[in-house]
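In what comes next, chain A is part of two complexes: it sits with chain B in the first one and with chain C in the second one.
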Partner chain A sequence: MSYWERNTLILLAGSVFGAVFYFGFVIAQSVAAGAVVMPQLWVWLGYIVFQFAVSVGGVWLLNRKGLAEVRDLVGGEDERDLVIKKQAEARQGHIMSALILFGLAFWFIHGSAALLFHSMVAALVVSELCRGLIQYASYSRAI
Partner chain B sequence: MAFREKFAWFMVALLTAAAGFYAFEVGAHWLAVGEAPPPSIKLAWVYVGIVVIGVIVGASTLVVGNPEEADAPADERERRAIDKAGNWSGYVLAFPAIAGVLHYWSSMDGNLLFHTVVGALLACQIAEYAFRIWLFRRGG
Partner chain C sequence: MAKRPPITNRVKDLREAHGQMSQSALAKEIGVTRQTVIAIEQGKYSPSLESAFRIARVFGVGLEDVFGWEE
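Now for the complex of A and B:
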């Protein structure tokens, strides 16, 4: 597995842990309260800290052994890595647009500001997860 | 001018006109009530209708004028430009959307959050085609 494949997996793991933390809290609190809970700053900040810690910690560990593999490349990436990254990021933009559009459309059904907020966060988080998955899957395809 | 560049110009014009109409309607309502007005499903449908009908009419007209070019798949340079434009427009969407989400804590105004995200979505759509034009002209 190449350096960038492992790097993608680590960032993906960071996003998964962050998403589980955020939506775990939101769902657990909403079930307990019997209604969708209002957004809480500490949960949001917890999500960012969680994702950041897993990603930075993982990449730091990866760099201790795997950095030599890409040290000679300009910017650490070859042409294929760049194409894969750009394609995955472009798909992420489109997935995010579609999910945000769904979130906005659902507002007309539920009319809850809290749910609109959580659906916007979900759109950002899910699109980030999709970017990681697309990028990882692209490494095993001929590009 | 290549077919994809012509289509991008058309989309920029159409989406700017539709977004301008939407912004004018919301802005007028905003000024009248003095705060972010509740989202209007009627206005959203009018916007969607303008874009859908505009794309059908505009794309058909462009395809009739350039049938062979329209049918050809994007070459490598165009694909790279389309990917880059999609990537950059994602940032145009993400930054205002995140700003709107963060601002929600100070305002606690769901209507304002809705309009901020809609604005980001409209700007992102226009930006994607504008970036494509710029990248097609620059050479990918």
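Now for the complex of A and C:
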């Protein structure tokens, strides 16, 4: 497995852990309250810190051993890495746009600021997960 | 699964004919990772024109001796 495949998996893990933390709290609290709970600053900050810690910590560990294989490359990436990354980022942009439009539509249907906020977080999380999965899958298929 | 590009190549044959050159050595010569050389040999990635020329130059052959178009 190449350096960038491992890097992608680490960032994916960061997104998954962050999403589980955030939506775990939101869903649990919403079920208990019987309605969608308002956004809470500590949950939001916790999500960011959680994702950041897993991603940065994982990449730091990866760089301790795996960086040698890409050290000679400009920016640490070769032409195939760049193509795969750009394709995944382009698709992430499309997915995020669609999810944001979908989330904004909730405002007109439900008029709930809480739901709007959580749907924006979901758009960020889902599009990031899709980017990681597309990028990882691209390494093993023809591009 | 994405369709493979109709470009064929003889990179593996040329590498083996070139003193059993390793994938890592070829990768270093042309400035890519070993995984990219593997993808090229398996037909899963078509290199840029610049890398294609670099590969041909490493083996001392023309571009069409390395790459072909499969109808």
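Just so it is clear, the second predicted complex is superposed on the first by the 143 of 143 C-alpha atoms of A that agree within 3 Å, B and C clash if a C-alpha of one lies under 4 Å from a C-alpha of the other, contacts with A are read in each partner's own complex, and residues count from 1 in each chain.
Simple rule for what comes next: a residue touches a chain if its C-beta (ideal position, glycine included) is under 8 Å from a C-beta of that chain, and two chains touch if they have at least 3 such contacts.
These figures come from a predicted structure and were not determined experimentally.
Chemist: Which holds for A:Arg80: it touches chain B only (first), chain C only (second), both, or neither?
Modeler: Touch partner of A:Arg80: chain C, not chain B.
Chemist: Under the stated touch criterion, which partner chain does A:Ala142 make contact with: chain B (first), chain C (second), both, or neither?
Modeler: second
Chemist: Between chain B and chain C, pick out the one touching the greater number of residues of chain A.
Modeler: Of chain B and chain C, the partner in contact with more residues of chain A is B.
Chemist: Quick check for you: in the superposed arrangement, does A:Ser2 touch first (chain B), second (chain C), both or neither?
Modeler: second
Chemist: Output check: A:Gln92 vs chain B and chain C. Expected answer is one of first, second, both, neither. What do you get?
Modeler: first
Chemist: Between chain B and chain C, whom does A:Leu104 touch in the aligned arrangement: first, second, both, or neither?
Modeler: First partner only, chain B.
Chemist: With the two complexes superposed on chain A, say which partner A:Asp72 touches: chain B (first), chain C (second), both, or neither.
Modeler: A:Asp72: touches chain C, not chain B.
Chemist: By the touch definition above, which chain A residues appear in both interfaces, chain B in one complex and chain C in the other?
Modeler: Shared contact residues on chain A: none.
Chemist: Please output the residues of chain A touching chain B within their complex, sorted ascending.
Modeler: Residue list for chain A touching chain B: 39, 41, 83, 86-87, 89-94, 96-97, 100-101, 103-105, 107-108, 112-114, 116-117, 120-121, 123-124.
Chemist: Which stretch or stretches of chain C touch chain A in the complex?
Modeler: Per the touch definition, chain C meets chain A at residues 1-5, 28, 31-36, 39, 43-45, 47-48, 51.
Chemist: Taking the complex as given, what residues does chain B use to touch chain A?
Modeler: The touching residues are 39, 41, 44, 80, 82-87, 89-91, 93-94, 97-98, 100-101, 104-105, 108-111, 113-114, 117-118, 120-121, 124-125, 128.
Chemist: In their complex, what parts of chain A are in touch with chain C?
Modeler: 2-3, 5, 69-70, 72-73, 78-81, 139, 141-143
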